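Next come two complexes, and both contain chain A; in the first it sits with chain B, in the second with chain C.
After this line comes the complex of A and B, so read on.
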């Protein structure tokens, strides 16, 4: 078990990279505390797998260091780092029994027979594999195999970090929930530092205590699921998390408050300090838009009923946005007016959240 | 209930296949069966003989001898070519120019016609003028494949290994290339040794292609004719007379059509049976 510290990690697959765009990872600084559950969330090609490979030791970063418990491991190999990894596709040793699969990493580390039996049985118990121990691993279903690869990490009690690389890709939908809950439970039980890489926001948000949202080689926000939801640090986080994502509307500033299509929008506090910018946007989640007789007028283009609430697609001077409306609130057919909750309405300059405290 | 309309027209669709199979497999095979139970002296005159030819072949020492030679030959080349082929495939580069070059080099022997291979090795191994024969003899080893059975065997085996190991290499290489990187990565995390990676990852993942390689090499070598015929003609003496060479001698040399037909059928059934046994053994664990 270890605290993992990533210091100024930059990586390019091109040895002589000069341009910023040639870097798969721009500059990563992150700390994963000992025993924490983290997720790397982002679309394909955002650099999350590259980062994972750097932590696991498959890749050597162009710049920067990886520290396990304050010890620099940047130039050590995978087997020296004492990590565990669960891959997208289940990796099992086909010809071995489930028992031998679980015992394999321990036997290679020359552990005593009694100790191996004890650990294998404990882990098999945790993963509900006890009855399958004598079966050949190749005969198991995808989720059974994935449990074996998980188990090969769990049997080793001294693992520094356990990494999951989109582990539920090949699992049937109805088993995904089950396995996800299992993972969460296991994390509490064994207390390893765990990192979960995925492009599925639900998987990331349910598993992790803190999620790093990655976009074009950068960590655009590293925060709790609540922070990502209530205060997205970047328009990408707003878009990517939530379904549908955050609404973004172009606006202008007038005496500290954003003005959208001639309507002044209230904020929690006026904006006083603002650096130069090219583009300024207003961001508000559909959950924080209310039907309000005192708001600004919009036209409804469509209503989707998704069960407990409805998603109203509204339009105002050429801009579309989504509004959550609970089942019990009636949607007027004419003269619809909306207002935004000032607490959760944010202003974004060139994509990044404007923060009064941080601005000069 | 939907009423069933009797319609047998679909049978016409399979008619071309039935005709084709009939002409190129069933009819020739039945002709052989026909010959195998009769005696003929030409002029389309036949006498019923029943199972006499089968009994004669099965009890003939000549058949036993060529069968023994055949089994020995096939066993030896399988024991050499399969491990050698896997070994070469393991050392070949996985990507880049080197991989392409290796693949082309490996395919070359497979592209040479069988009788050309025989002729090449014949000239190559001739004791006086052949490069191989000359070099071996000048090293002080007495080598003459036209006169010594052992030299003849070594030459035929070397020729077959040269000609066909490539096939095993290419199939194994394809099997190895299909193994995802994650398996090697996982093995590294589990601190597996090179031997363990081979034993528990590479070999099991190559199982299907190896089954095909073994079956192909078994069938081909068990029915080998052209190359030894061109190289040694079955000699010296009968020392390299394998089953198919013997069969041709009986059928075309002595014109004993009955025994030859009976031998053909026995030969065919043995190949079929052994292939089935191989396949069943290799695939035994698959069902579970």
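After this line comes the complex of A and C, so read on.
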């Protein structure tokens, strides 16, 4: 097990890269603590797989260093790094039994028979594979095979870090729940440092203690699921996390408070310090917009019923936004008025969260 | 312009892939087939398209039996989970291809392709080839081709499954509106209950080759007629528990019970109670809520919501709560359940009602 430190990592697939846009990774500085559960979250092309390959040693970064327990491993090969990796599609030896699949990495390391049996049985127990040990791996369903891939990492004691690359893509929704819960329990049990790469916010947020949201080769926020939800650092985080994502509305500032379509919007604290900016926006999540008799008037354009809640699409002065309305609250058919929860209404300048403490 | 399937079935080597299905689909309405992988969704779509011959049954379109008409002569478009485009053609030519087959004049082709490209927001990409597109753009191209064909029946086989989460969200919102205008009958398959709900229209739940329920999406969701239909339409999975119905109330294992006069006409005996994860509450909401207790297995937090997996007596349940509840493993918690949020099923899994 290891603490992983990424220092000033930059990477370009073009050897003579000059322009910023030619870098798949702009500049990454991050620390994954020993035994932590982390996720890299972002859309295709955001650089998350590039970063994963740099950590596993498949790619050598153009700039920067990778440290395992404060030891520089940037120039070491993948097999020297002792990494267990679980991919989108399960990797199993089809002709071998489940037992031999699990024993394979240990036999390669020339471990004694008794020790191998002990470990294989322990891990099979953890993964509910005990009954299937004598079966051929080829006969298993996708989730069974993915458990084997996982098990081959778990039997080893020399693993520095366990990495998952979209591991649940081929798994059925009902089984996803089981496997995800299992993964979380296993993390507690074995205490490996685990990193989970995905574009699926639910998988990232539920698995990880801290999530790095990546956008165009940058980590735009590295925070707990709660932080990403309550205080997105960048409009991309607001948009990408949440379903639907955060509402963004153009606004102007008047005596420290944003004004949207002629309505002054309350914040937790007025804005007194402001850097120069090109674009200023108000950000509020659908969950923090309330039906309120004293709010500003809007028109309803559409209501989507998702069972547990409804998403009301509202319009005000040509701007559309989403409102989250729980199952048991009635939506008035006319004269709808809305207000924003000041605690969770934020101002974004050129995409970045305005933070009074950090501003000039 | 109804599309009707009469006792459509498919067998292969004595294995029933699709049990006899009878469905009437209305034009201009989005129909979703919801079921897990291997439940027969793709097989059913291929039968509907006429790509495979049914073992029994007939397909009627506009009151004409079309069962034996080959697929080329039926006006059908299909979009698959894997993005399928002609790799050597530009996006423009890909979208135009069904029109070329129909020998539509060049200037009209141009107009129609441009209009559809506009709708799907791929106008700037018309000169590119599929390999130069992202997954989302490739799938938009495939959907554009299905739209421009102006088919009367459009079959979409998990078209968003291979796309990024956020892209899926965007296209899911656009799709019903795009096809609504064409007046086509659309059949869309998915494994995700939330997707069916967002698409609206009508939904059918499919289980092991059988349609277990069909109707307006909201009513199938809120009023499942069987345990299987309720399970198919629940994510997180439906929570269940064995109950005993007595004259004075409904008893769970361990003796906790609702004192109730509801379900009065239902015979006393053993039943299965089912309820969705978000109806298992962490605080009292109604005076007659039943108080339950359990031991936490694991808690998943999504930033705004909590999924609490727990064990209550011998039952494994999930609580889906709004807000952050960071319970520790083995922590004892209390939960509240309202009978009005529960479904009751008999030993065969058929829903019984309080009447």
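A few notes on this one:
The definition used in the following text is that the second predicted complex is superposed on the first by the 358 of 360 C-alpha atoms of A that agree within 3 Å, B and C clash if a C-alpha of one lies under 4 Å from a C-alpha of the other, contacts with A are read in each partner's own complex, and residues count from 1 in each chain.
Here is the rule we use: a residue touches a chain if its C-beta (ideal position, glycine included) is under 8 Å from a C-beta of that chain, and two chains touch if they have at least 3 such contacts.
Computed from a predicted model, the values in this text were never measured in an experiment.
Once chain A is used to superpose the two complexes, chain B occupies space next to chain C without a clash. When the two complexes are overlaid on their common chain A, residue A:320 makes contact with neither chain B nor chain C. Look at A:93: by the touch rule set out above, it reaches chain B but stays clear of chain C.
Contacts of A:287 after superposition on the shared chain: chain C is touched, whereas chain B is not. Put chain B and chain C next to each other and count what each touches on chain A; the higher total goes to C.
Once the two complexes are laid over each other on the shared chain, residue contacts for A:202 go to chain C alone; chain B is not touched.
Annotation: apex chain A, arms to chain B and chain C, angle 70° (C-alpha centres, rounded to a multiple of 10). Within the superposed three-chain model, A:241 lies in touch with chain C and out of touch with chain B [touch as defined at top]. Legend: residue contacts after superposition of the two complexes on their common chain; A:177 is shown touching chain C, with no touch to chain B. Applying the stated contact rule after C-alpha superposition, one finds that A:301 touches neither chain B nor chain C. With chain A fitted onto itself, chain B and chain C come no nearer than 8 Å, counting C-alpha atoms only.
Interface of chain B with chain A (complex): residues 180, 182-183, 185-186, 188-193, 196, 200-201, 204-205, 285, 288.
Put simply, chain C touches chain A in their complex at residues 36-37, 134-135, 164-167, 169, 191-194, 197-198, 200, 218, 221-222, 235-237, 276, 278, 297-298, 300-304, 307, 309, 318, 320, 322, 324, 329. Those residues of chain A lying in contact with chain C across their complex are 43-45, 172-174, 177, 180-181, 184-185, 188, 199-202, 205-207, 225-226, 228-230, 239-245, 285, 287, 304-308, 326-327.
Chain A meets chain B in the complex at residues 56, 58, 77-79, 83-85, 87-89, 91, 93-96, 104-105, 108-109, 136, 138-139, 149, 152-153.
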